[in-house]
Amino acid sequence: MVIVIAVLLVVAAVAIYTFLPTAPTTTPTTPTTPQLNKICIVYDIGGRGDLSFNDMAYLGGDRAARDFNLVLTELQSRSESDYLPNLRTLSRSGECVIIVGVGFLLTDAIAQVADEYPNQLFAIIDGYVDKPNVLSVLFKEHEGSAVVGALAAMIAGYYNKTTVGVVLGMEIPVLYKFEAGYYWGIRYGQEIFKEKTGREINVKILFTYTGAFNDPARGKTATEAMLGEGAIVVYNVAGATGLGIFEAVAEAGAREGRTMGPPFGIGVDADQDYIKPGFIIASMMKRVDVGVYTATKKALNYLIHKNETKFGGILELGIAEGGIAMSRVEDLETFLELGIQAGTIKPQDKETILNAVTSMRNSIPSWIWEEAYKLQETLKTNKSLEVMGIKFSDIEAMIPFTADTIANLRSSLGVG
Amino acid sequence: MSYVLSTIINLLVSTSYAMTPLTLTAVGEITSERAGVVNIGLEGMISVSALVSVAVATQTLNPWLGLLAGVCAGALIGFIHGIISAYGKGAQIISGVGINIFALGFVPYMIIALWGVAGYKQVPEAGRIPRIAGLVSPIFIFCVLIAIATHYILFRTSLGLKIRALGEEPQAADTLGVHVERLQLIATVYGGALAGLAGAFMSLDWLGTITKEIAAGRGFISLALVVFSNWKPSLALLGGALFGSSWALTEWLKVLPGVKGVVPVTIINTLPYIVTLGTVAGVIGRARPPRKSGVPYLRE
Amino acid sequence: MGNTGDTGSDEYLVLMKNIVKIYPDGTIALRGVDFTLRRGEIHGLLGENGAGKTTLMKILAGILKPTSGTIYVVGKKVVFSAAADALKLGIGMVHQNLSLIPSFTVYENIVLGLPRKQLLNARENINKLMSLTGLRVPLDERVEVLPFGVKQKVEILKMLFRNVDVLILDEPTTNLTLTETRELFNMINELKKMGKSVVFITHKLREVMEVADRITVLRKGRVVGEVPRAEANLNLLAQLMVGRNMISATSRETTTAGEELLIVRDLWVLSDLGTWAVRGVSLTVRSGEILGIAGVEGNGQKELVEGLTGLRRVEKGEVIFRGRRINNLPPSELYKLGIAHIPEDRTLMGLILDFTVSENSILSIQRSTSFRGFLNTLVWGRVAEHALSLITKFNITAPSLSSPVKYLSGGNQQRLVVAREISKEPQLIIAAQPTRGLDISATEHIRSLLLDFRKRGKAVLLVSSDLEEILQLSDRVAVMYEGRFVGIKNVSELTEDKLGLMLGGVSD
Amino acid sequence: MRRKVLIEVLIKTGNVVAAMTVGLIIGGLIMQAYGYDALHAYYSLLRHAIGNPLTDPYPLTSTLSLATPLIFTGLAFAVSVRSGLFNIGVENAVYLGALGVVLASGFLKADTPLVLVIGSLMGLSLSILFALVAASLKVFRGVHEVITTIMLNWVAYWLVEYVRVNVFPDLRDPSKTIPVPPSARIPLLVAGTELSVSIIIAIIASLTTYFVLWYTVFGYELRATGINLIAAKYAGIKTSRFMIYSFLLSAVLGGLAGVCEVAGRPPHYSITTGISNLVGLGFDGIAVSLIGLNHPIAVIFASILIGALNSGVRGMQIEARVPFELVRLIQGVIVVSLAMPGVLSTFRKYLSIRRGRMEVVS
């Protein structure tokens, strides 16, 4: 009896398996000729919702898909072991115009699959792969970080405070770039402040690695510690952990009856000024979306339009390339507009947010803003700015950072 | 206020927040394990309840309704787990693992489905739980009370006697007219409700946001806390305070200039775990789990 | 067989009709059984192990669901979905394998599950009940530290406290002394006077004759007789129960005792509570003799046995086996020297219930070279041979060598333990309560095995609370009372009455 | 006798299949409710988990390669369950096993197979060391293993992070540790896939575990300790010693998972940020072990089952365009349904009761 049931089950399973492809309900799954019409994005295990490169990559992919009439295929990874099979499966399908690997964690996997499928085009965000069919999209996070660092120092000076901080996620080299730029920027900001006001300030810099990108609780507690140590501005370089930073900052302000900072947070990657309007002084935007969009465009040019002969190489996006910038109110407007389109932000909220952000910005003397944006302009072309004996170009030369080099830099910039 | 004093107060406040979700979840799980049902899906229950509470609080702009919804969501998962464990005599550990995986999918999926953003949603100010004196969370107070009350119920009342009997020898309780399955289900639902409250606390009170991995391992720490406390809610309160304070202290230490130069951050991060391990090895020692906890009760 | 109308009438407090019980593994326990119980009646339910007595009563107590059949209580058809339902109707059962919660106190065990209002002066009421029935138990002690006999009292008290109309006692005298048994019977009669009904499950003919008003005999899932006491006699009942004439009681041949195998001098052992359980016991066991240790349970026998078998630390004194001091040697060493141990609780200690028959047949001799192959492997072929030889030689009924022993009946489980221990070819067997809870044929079998062992010039240290067994098997008898020996006597000098006095600590 | 065993196996398999079917149906309804084609999704799942191995072995190799570490961790947990422990420390054994290989790569700085040998030894020693902490606290202080192992997992986690950041970062890409040198890597079984010789090691490990547990005195005593401590003591078994042995055996098996992952899985051959290539393998092992009824041979099949689900996820995303989150949700439902006790067993009970009833009537 039991054996009969078992056999029946097996037969049923096999039957379903064999006959399914011909069943009319299923859309064609084994098309005879694969259509080259997809943008394929493979996220790292952080996945969507990291408020960072994964989400931004989606934005860029989505925009490119609409602009170039392509289909966006997203593939999230359950674990690191999925990267290689995910990339291989996509490559084998032959349907992807470009496969974008989001995050440095995918570097090795892309390097390997790029060899196996030399005709498939890839892009890697935040990683470097030296293959003709791979576009390495790198960002100059240190540039933007320097700008927000200068802003932080000047705000500290303006409010007669002495401390600023940065809360980071896991200890990885990409984050060292943020750190380096930020510290340099703070020291440079001190110089500007002295120049403008004649007052010498020496800002104490606090930093901490929470060890997680996904735990706002750690971000909040660390920020509370920093505020307890007298910090007035805290820079978020911690993905979703950063939500806790903003929370702590806003709470501290609210406790003193304020609807806007100080203290302030600084947003990262996306324009995060809207998360806690009034308490996020600005955001260091890292436009991964621009990277994905540009990579797709390059792939189409090379593959379809044939008006580019070379695909691979490094696409380095900094302030000059529009890949890195400190947010402005106009950026926020654009972001909010996108949010309204996507239905994530209610149209009536837009004005409220904009008003809050604008009045926050107005509470800081305009010369501080001007100086910060001026530094942003300068860094487009001039890397020889120097503070405490360190030129900005020196920092670029240290990339890729290791734990040792960043430790050296911290001590030479007087970071505790 | 002097620097030292304010730092101590700040640390105490941080501790009160860090310990609340752990203690609540552990107290619930203690009740459930005392009744013989092990639920390792705590992580998932915290996350799902956090999500549901934010959904309701955002919609109604009423934090208490959100809180209630979170509690209900936890209770519902507890109910499903209870049905599978108590009535279905299923494998409790597998079910718990399944709950955790389910939450890993459910929470981010619903965040996208509900709000069109991936990964997080802020709670509007009107949906946040108000603080007492701007510092203390009412749920922290409630957490202390519920731990004491649960302890009292478990060890001083006839209901508690019945519940503990289920974890020790359900057959004996069964013959005396204790409704084994029903009571196990109730205990599991209670456990779920407290885990749900923990989730709602994290999102509506402590962090003011839901993220897709909001529990971030706290479910498993709670599980350890259950053992740490030797299945006694009052000790879970102490254990929660111990872990919470060393956890908060860790985050503080890492911020202080100079510390990192001496000890690498990664090593500082082990502090709460080593403290717990040391305490349990040095002070607590032998723990005796409920004898039949995790074992489905099968009648002949 | 049923002699009543089809609907339950008021004549019977309980009427069970055509009860069939088939267990999920296919075992048929009851094949259409009718059973009646009158108000104020003491009803003996007699049968061998596996006859279905317990199953039938568990169905009445709502613990098991019948596969088919109907139950009427006071003329009304009832369906029990849980024990609670039966308890509500005043039917309570005291199990043979007690259902107490070890880590709870006696008080907690008694009041478990009671509604709040009954708890208010529960302690007072329990005390009243204790003095009424004479069942005295320490209310604030944890049950796990109590001896078996006391636990059973707790169990009975627990049911009485629930004010049941029908009290089902499953083999209640197994662990009671003569005096205690007498007390129990008095108490049962008291209950009868109060208008309560008692079902008394047993396989002991004398007891059922002594106490029951009416006797139902079960054999292999069927009722084979329902006899009023006036019409019953021992032979009739025995024949009904066993299905054939009784085997004559094993007789003991005289042998001459030889060398002193085991010498114990001034032995002191602690109990789990850290109090002295064994206070300076001295004894010798010679080859070719059985030394019986009688005593009410909880007087240190358990600790004595565990001390001698390496399971519990010997604090003071000396244990010498064949000239060698063996204090505190681990069990494995003792086995090598030729000591075997039949533990008092086979399900907890003597067997691993989830292990197969084969696996259990080598428990404690698993390291023997006869089963070991290359690199410490277990050669299952040889194990199976061993198990098979035990099964055939000792007449054990088992579904197969590879079925878990939990599926064996109690008698066969114990046969397996005894067979295994005897097969070790030891010089001395320490046997604790070797026939507890077994039916007549299993009991006789195991006793004859022990006597046979003695006949071969080996020695047995028998610990038993069953006086009949002590008198039947032992050459010399020691009585243990509060951790000491009241006296060691040759069996010929003893009678049950004399022994009874000594059990109470009275030496002559 | 043989036949009985076969029926047992079939029933148990049938129970898993039946439970999974329930899970799949519920999952399918959820997908339909959210507007996805469930049949298509499941078809893609199968296609990417198994496919047609004759024409294209890739999906199957992917499934098997994802199953490999789970076999080890499942075994590790099964061994501890068999000895009566709930050892969550398999997770840290995985980390530390991998750490050993990385440390060896860093210290030896040579491209030689010796790195694998020494690394495995170091890794296993490390995981054994951690297991000894839990074991001795259990045996000497009575500290329950659940708490010690959860804490030790985190200690091990940060220890590995420390090595990644401060001791042996890959200088070319410091987001991960230095890689295992090429000649010390476990070779691939099928070129162009992720399936390495590790799976053979895993299967050998599971056969060995089976053999040790059921065909040696050691295994006999270990299992006896796990089922009934008192009876084991009676049998002259030094039970606390066997608890320690079980911890060690779990540590070795878990450690092997780490070794095989770091030395045998392309493309990293190193430990990455947040140990993200190893995190969770130990916990997945719990589910695998329980689904496989804690039997070393069944653990292989349970691992393949979970491996297939994990591999098929990609098909559901690419072809049926079911979002990843929903796929995980459904995976959770399926695992929950696996907790349900056997449908077939219930059916069989019903049958045997019916058979008995007929016997009574006749």
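By letter and in written order, the chains are A, B, C and D; residue numbering begins at 1 in each of them.
Just so it is clear, a contact is a pair of C-beta atoms (placed from the backbone, for glycine too) under 8 Å apart; a residue touches a chain by one contact, two chains touch by 3 or more.
Since the structure is predicted, the reported quantities are computational estimates derived from the model, not experimental observations.
Q: Decide which interface, B-C or B-D, involves more C-beta pairs in contact, and give its chain pair.
A: Contact tally favours B-D.
Q: Taking each chain's centre as the mean of its CA atoms, which one is farthest from the centre of chain D?
A: Here the answer is chain C, farthest from chain D.
Q: How many angstrom lie between the CA centroids of chain B and chain D, rounded to a whole number?
A: Comparing mean C-alpha positions, chain D is 27 Å from chain B.
Q: For chain B and chain C, what's the span in angstrom between their mean Cα positions?
A: 46
Q: How many Å are there between the centre of chain A and the centre of chain B, using C-alpha atoms for each centre?
A: 32
Q: Determine the centre-to-centre distance between chain A and chain D, using the mean Cα coordinates as centres, and give it in whole Å.
A: Their C-alpha centroids are separated by 34 Å.
Q: Considering chain A alone, which of its residues make contact with at least two other chains?
A: 47-48, 171, 211-212
Q: Quick one: which residues in chain C touch 2 or more of the other chains?
A: Where chain C is concerned, no single residue meets two or more other chains.
Q: Taking each residue of chain B in turn, which ones touch at least two of the other chains?
A: Touching at least two other chains: 108, 112, 266, 269.
Q: Pairs of chains that touch, anyone?
A: Applying the touch rule to all chain pairs gives A-B, A-D, B-C, B-D, C-D.
Q: Hey, which residues of chain D end up touching chain A in the complex?
A: 7, 10-11, 13-14, 17, 37, 39-40, 43-44, 46-48, 58, 62, 65-66, 69, 158, 161, 165-166, 169, 171-175, 192, 194, 261, 265-268, 272-274, 276-277, 279-280, 310-311, 313-315, 317-319, 321, 323-325, 328, 344, 347-348, 351
Q: Please give the residue numbers of chain B that touch chain A in the complex, ascending.
A: Going through chain B, the ones touching chain A are 6-7, 10, 14, 17-18, 108, 111-112, 115-120, 122, 134-135, 202, 206-209, 211-214, 216-217, 247-248, 251-252, 254-258, 265-266, 269.
Q: Which of the residues in chain B end up touching chain D in this complex?
A: Going through chain B, the ones touching chain D are 44, 80, 84, 88-95, 97-106, 108-109, 112-113, 220-221, 223-228, 264, 266-267, 269-270, 273-274, 276-277, 280-281, 284-287, 289, 296.
Q: Can you tell me which positions in chain B touch chain C when the two form their complex?
A: Contacts found on chain B: 157-158, 161-162, 164-165, 168-169, 171-179, 288, 291, 299-300.
Q: Could you list, by residue number, the parts of chain D that touch chain C in their complex?
A: 1, 4, 214-221, 223-224, 227-228, 230-238, 349, 352-353, 355-357, 359-360
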